[in-house]
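Labels A, B, C, D, E and F are assigned to the chains in the order they are written; within every chain, residues are numbered from 1.
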């Protein structure tokens, strides 16, 4: 994957950090399934399944721990 | 998502921090499934499934680790 | 939820900290499913399912990490 | 649960710490399902299921993080 | 496994660190299932299953926490 | 379990640390299912299931966090 998408973990606000964590969760999926077409097809199913959404939120939470620590919790 | 919802991880009390962790867990879901109508429909199912509730509690626990560290554990 | 239930993460002993972690795991469920009647009904099922019990123990373990760090591991 | 079972996170060796982490994982289950009879019955099933064993190992791993930090990694 | 594949956790950029985390997640699988033929066969299934992809992203997230800490978050 | 198998978390290289994390993941299973015969039988099934392999990789990742911290990330 030649694209540059992650040059820094530093963000201006906690919310931008949360959104970076979401990006990281999605990139974790993208590296495993590079086809946008397949990912779009799968999205319909899991965006309508409560447990799948909870699992997605968990991955975001783990990534946000990393981003928050990198930013010293924006203190 | 243009709304500002997370400007700080600092809270006055541990309980407010716990409630922020819940908010973060729900926002993790909301970013993935933006439709309030769909989320409400899914809520009925997972709020009546023990394993779904445990999974939700796990996401809260991970987010609370972050919030608690940000607040130096309210010491 | 107006009740005050979490005013401090500090406990006298590791065991009290573990029991606080259990309380936090249960409150994570309670915020998502406020009905005590529903929770009691679900309890029968998941307390008799090994994987559900392991998942519950995992949430406790994550919360205990937070409580233990808050107490500097009771050293 | 009146029994005292966790008075310290400090152990002499990493292995004793690992065994304490196992104890904590089991106590997480025991607080949720206090009946030894039920737990023994469930044990047969999950001790013969690979995914259940992996999940058990995960809870031990999370608890061992806590115990290892408490012991400053036995350095 | 005689091959040397992990000599350092230090990377030049966060993205290289993320890609190392992916490598670590895959090596965790490879140590358990050394047959490339079997892994390739399994890949088709899980790369087309949303929950499997989320689970893969979670393992990457956990490994990235380690790599990011090792690099002091590239600060 | 009388055998001594974990006397130190310190390893010479990150890779040896990763392999120790695998050992810890397996020992977490072994303490729960001591029968080598049963574990071998289960191995066939989960080594051919993608989700089981991902779950195994997750446990390794959690244990590797502990080992890496113990070694100050081999810096």
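Throughout what follows, a contact is a pair of C-beta atoms (placed from the backbone, for glycine too) under 8 Å apart; a residue touches a chain by one contact, two chains touch by 3 or more.
Keep in mind that what you see is a predicted model, and the values were worked out from it rather than measured.
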{"item": "Rotation angle superposing chain C onto its copy chain D by C-alpha atoms, nearest 5 degrees", "value": "60"}
{"item": "Most distant chain from chain B by Cα centroid", "value": "F"}
{"item": "Longest centre-to-centre distance from chain A, chain (CA-based)", "value": "D"}
{"item": "CA centroid of chain A to CA centroid of chain C, Å", "value": "27"}
{"item": "Centre distance in Å when chain C and chain E are each reduced to the mean of their C-alpha atoms", "value": "31"}
{"item": "Separation of mean Cα positions, chain F and chain E [Å, integer]", "value": "15"}
{"item": "Numbers and ranges of chain A residues touching at least 2 other chains", "value": "49, 51, 55-56, 58, 62, 65, 69"}
{"item": "Chain contact topology (line, ring, star, complete or other)", "value": "ring"}
{"item": "Sequence of touching chains round the ring, chain A onward through chain B", "value": "A, B, C, D, F, E"}
{"item": "Chain B to chain A touching residues, read off their complex", "value": "1, 4-10, 24-29, 31-33, 38, 42-43, 45-46, 49, 51-52, 55-56, 58-59, 62-63, 65-66, 69-70"}
{"item": "Of chain A, residues touching chain B in the complex", "value": "13-15, 18-19, 22, 47-51, 53-58, 60-62, 64-65, 68-69, 73-75"}
